[in-house]
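Two complexes, one shared chain (chain A), two partners (chain B, chain C).
Coming up: the complex of A and B.
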């Protein structure tokens, strides 16, 4: 008699394929999730597809081809787009300077505050969030007199824009590192490493930084994305960057401007994939 | 030679021998009048604690009493305001944590998540520049010792809580530290694993002969594993002694009530005689001045009796709890006092039942009222 009593209980605890799983709190249903994902995908994909379609147009005939793409790389056209290639090179230099600022200034400060001065966490967060509350145009007005001094010291070099962009990216770089720091119990790990004989540099290099890799990579990715999309500061400080060059080129050849915008999007997408892979390197996967 | 470099040398010497996981003589530890202030708040108020080589001492006390501060001061993770911390005759109060040659297991799982189990255990050896072959061998021995020899390639998130703490123990012991510090290492584990692991910690500590300080708020845990238990309260050590001493001869009312269960009853003290509920009992140790006192009587020192017995007190059963090998019953005396009685499990008093209880003639601890 016991078997029939057990069977219904098992059926109740293991829902069959047709049984609905219970939903909790505000979790959306599977259908709702699909709708949200589809709408988001359309919002992203339609402009990109339109850009690609536009870049493939051959004049006013309605035909499509790769003429505009090949034109970029032909020797004759090379001189035409010098300003654009120079802008890309400048943007890469600014990216490097900004990433260095994040890694050398922001990251050690955050680790120091987390490990040694946790009471300052709120102050640091407030300072890092401030740039997002100030419009770029207002910041630029403040940067102009500062950059007259910067130009005296370093010359009017495009890479010096990295100092200004380094401030603008603070809110975006701060958040992923802060989330990562909160997730790894950095104080306990540091103390464990210290008790095992590690000095502070070894704690930083062998324990904290490897565990902060996902946060650091995300911060760097966002920093690069912000630099590649930054226009206001570069424009007002009269520097040639990727964005300002795109605006210039757009006046003479809108197709090329769109092609480079598509390239930038693809670059960002690849960067995101690479960072995701790098972040997962060297970590075991949890058991299913 | 500075005290710091002496400690460092000892550590390196013992590791470079490449011997198997043999016992290393534990260190003598002395905390002398240790005072610690957090800003203006006094956390340790002149703590004195001596640990013999190879001794297992448990620090027991309620939350906020300063027991973890003592452990962290000994480890070097907290600086002290005053006093001396002496390990094998060397004052290490100003020696940084990474040079004190201590092993530590934390309450939170503190395994490095980016390293495998073997790499975690090797970490301390790597910091001491032990060669790769010795590192692997010693890590393997340490993992075997805690019964996780086959788990070397796993990551922390692939282990249960108990397994993680075993790895943490292996990691703390693999460098053969002179002192092992355990900061509530079992508190995050479930009851069954906790008992298993505490027995294992005791076995390994006995085998290695390492001086060990174990912080816990669980008195059963402390009494079960430690050679001596130090009961702390408000930054002071109230009493230190063997588990039996603390239980049978509590020095203060706090210890009497904190260790085990005690019935606090109004009594009269006259010389070395304590009169409780009309029964004369011998005084345990020294007491306050003659007069009204509070007597602390263990539940096992109260028994059910017949009404005709001498010293029998009428009472009504309030509730009775089955505790496995024994039963504990709460009764309300006709005077209104509540009293716990510990008795044979076969006896099953019912709530509301009228009974008689009597005090056994054992020595009783008292405190001024």
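Coming up: the complex of A and C.
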């Protein structure tokens, strides 16, 4: 934030045609930045490009073609990849459950704590950060007995994984909402609205939630990304999700697994890019 | 504790003439915390306690410490050792390389496309990768990977990728995990270290220049000392991240080798060691390591935030 402010001030104090700026700021020179970032970009694009090349291979001959892509539709219609499509459908169901958990359990609690119990903010933050510090694989050891009870209540349905994944998602969902809450003055806003005669529901619906929209959207998107990428819990609780299906399909048809993986990576990238832009808009507003 | 908060709301309550309902409302708002509390208790506290406690019970449910004999088992010890060196190596490499990328990004505007792209690519790789990252490296340096085939085509028929240590493709062995792990460690470093980098105040650079310092002096005397706690904090986070990571390794290696994979072996077969609930013991071992790491992390975070006001 602070570094870019230097340049214009400097330019103003030294008028004249395109002088070479004395460089004292922490930032690297343009050339240096380009070199580092290009090397990084190449190194990180190689595996992605390899995936694309791999998915275009025609058997072991060395020729390339789109037959693995068309196979998704032809063999897919014959039911070869049903496990994968079912896995994607299950993952979407889990996404929905998880987003509902974030919106119905986490969000109201965060608002309530912010408005009424600010002293509990630290506790809530601590609770929401814990899942980062406990490895999923450790939680899984405990989820197995818990889920034998859950299965008794709801049946062994894939969507029930949403309860477990909701925990994994907490740290990611908490952060954007919390920073959004910190940026708007919820207490002042709600007091103002109350003073003007609004009821609590009106305050929530017409004042607080619209102001939290960027944070809530970010939380939902990152939730979706994390749920679609979740593998550990699903594999141990023996549910078929997108990731576990990918691993299954990979053994029989690595090409199709790679194709879906590329698309999933690109999808998640776009989803998070949208979050980034939302965040940038949200940042711009309070200062403007 | 609640009285101060309620007092702030009182004028509004009086305005609407609802004084009588205040006590009732207070109790109702407390109830608002219950659903989330219950959810966290059922799906976070209970599993966490069960996971750790299961290590203290034998097959019949009686309390025992005998399960800890697992820690004298050479295979288990080897798994812990492998987990720790892989996490340490990828954390150090990831932290250094990630810090260099953060340095390159200094002075770029956070709301521009470059930063948005770097941020979202980093989040995808750091938080979403897992299994798909494993596939990417199967396609790159696996037995039929692009780089492997290229090395073969230029004459290196037995190269580091397809025959490492005389026991098959590098990618399917524990040391081979280093390469895919770096692909989520470096992005995680960028995500966690960039805010600290951006916290460097331009006034410090100006002061340094005014006092006749060069950019080298700036980095050696100001930049690095100020960033050191944040750097080591991120380093610890990276270590913890690699240590607890499971999906990438699970998609690449079918046996044991690192602790999460040993837990998988225990949960699916119970064969390594002759005691019950080894998974719980291993989980406890992991939690102990994580607690040590997170204590160090929060201490470093406190030091790091000193300069970020």
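Rule of thumb we're sticking to: the second predicted complex is superposed on the first by the 222 of 288 C-alpha atoms of A that agree within 3 Å, B and C clash if a C-alpha of one lies under 4 Å from a C-alpha of the other, contacts with A are read in each partner's own complex, and residues count from 1 in each chain.
Note that in this section contacts are C-beta pairs under 8 Å (C-beta built on N, C-alpha and C of every residue); 3 or more make two chains touch, one makes a residue touch a chain.
These figures come from a predicted structure and were not determined experimentally.
Q: In the overlaid three-chain picture, which partner chain does A:127 touch, first (chain B) or second (chain C), both, or neither?
A: In the superposition, A:127 contacts chain C only.
Q: Given the touch rule stated above, what does A:231 touch, chain B (first), chain C (second), both, or neither?
A: The second partner, chain C, only.
Q: Just to be sure I read the superposition right, which of the two partners does A:155 touch: chain B = first, chain C = second, or both, or neither?
A: neither
Q: One more residue to check, A:210. First (chain B), second (chain C), both or neither?
A: Touch status of A:210: first partner only.
Q: In the superposed arrangement, does chain B or chain C reach more residues of chain A?
A: Ranking chain B and chain C by residues of chain A touched puts C first.
Q: Please identify the positions on chain A that touch both chain B and chain C, taking each partner from its own complex.
A: In chain A, residues 191, 194-195, 197, 283-284 are touched by chain B and also by chain C.
Q: In the complex of these two chains, what residues of chain C are touching chain A?
A: 1-2, 5, 8-9, 11-12, 15-16, 29, 32-33, 35-36, 39-40, 42-44, 46-52, 54, 100-101, 103-111, 114-117, 119-121, 123-125, 127-133, 135-140, 144-147, 183, 198, 200-206, 208-209, 215, 218-219, 223, 240, 243-247, 250-251, 260, 263-264, 267, 279-280, 283, 286-287, 290-291, 294
Q: Considering the complex alone, what residue numbers of chain B touch chain A?
A: 11, 75-77, 96-99, 101-104, 106, 108, 110, 112-114, 116, 123-124, 127-128, 154-155, 157-158, 168, 171-172, 175, 181
Q: State the interface residues of chain A toward chain C in the complex, per the touch definition above.
A: The contact residues of chain A facing chain C are 1-6, 22-28, 32-33, 36-37, 40, 44, 46-51, 53-55, 101, 104-106, 108-109, 112-113, 116-120, 127, 130-131, 133-146, 163-164, 166-167, 170, 172, 187, 191, 194-195, 197, 222, 225-226, 228-232, 235-236, 243, 246-247, 250, 254, 257-258, 261, 264-265, 268-270, 272-273, 275-277, 280, 283-284.
Q: Give the list of chain A residues in touch with chain B in this complex.
A: Per the touch definition, chain A meets chain B at residues 184-185, 188-189, 191-199, 202, 206-207, 210-211, 213, 282-284, 286-287.
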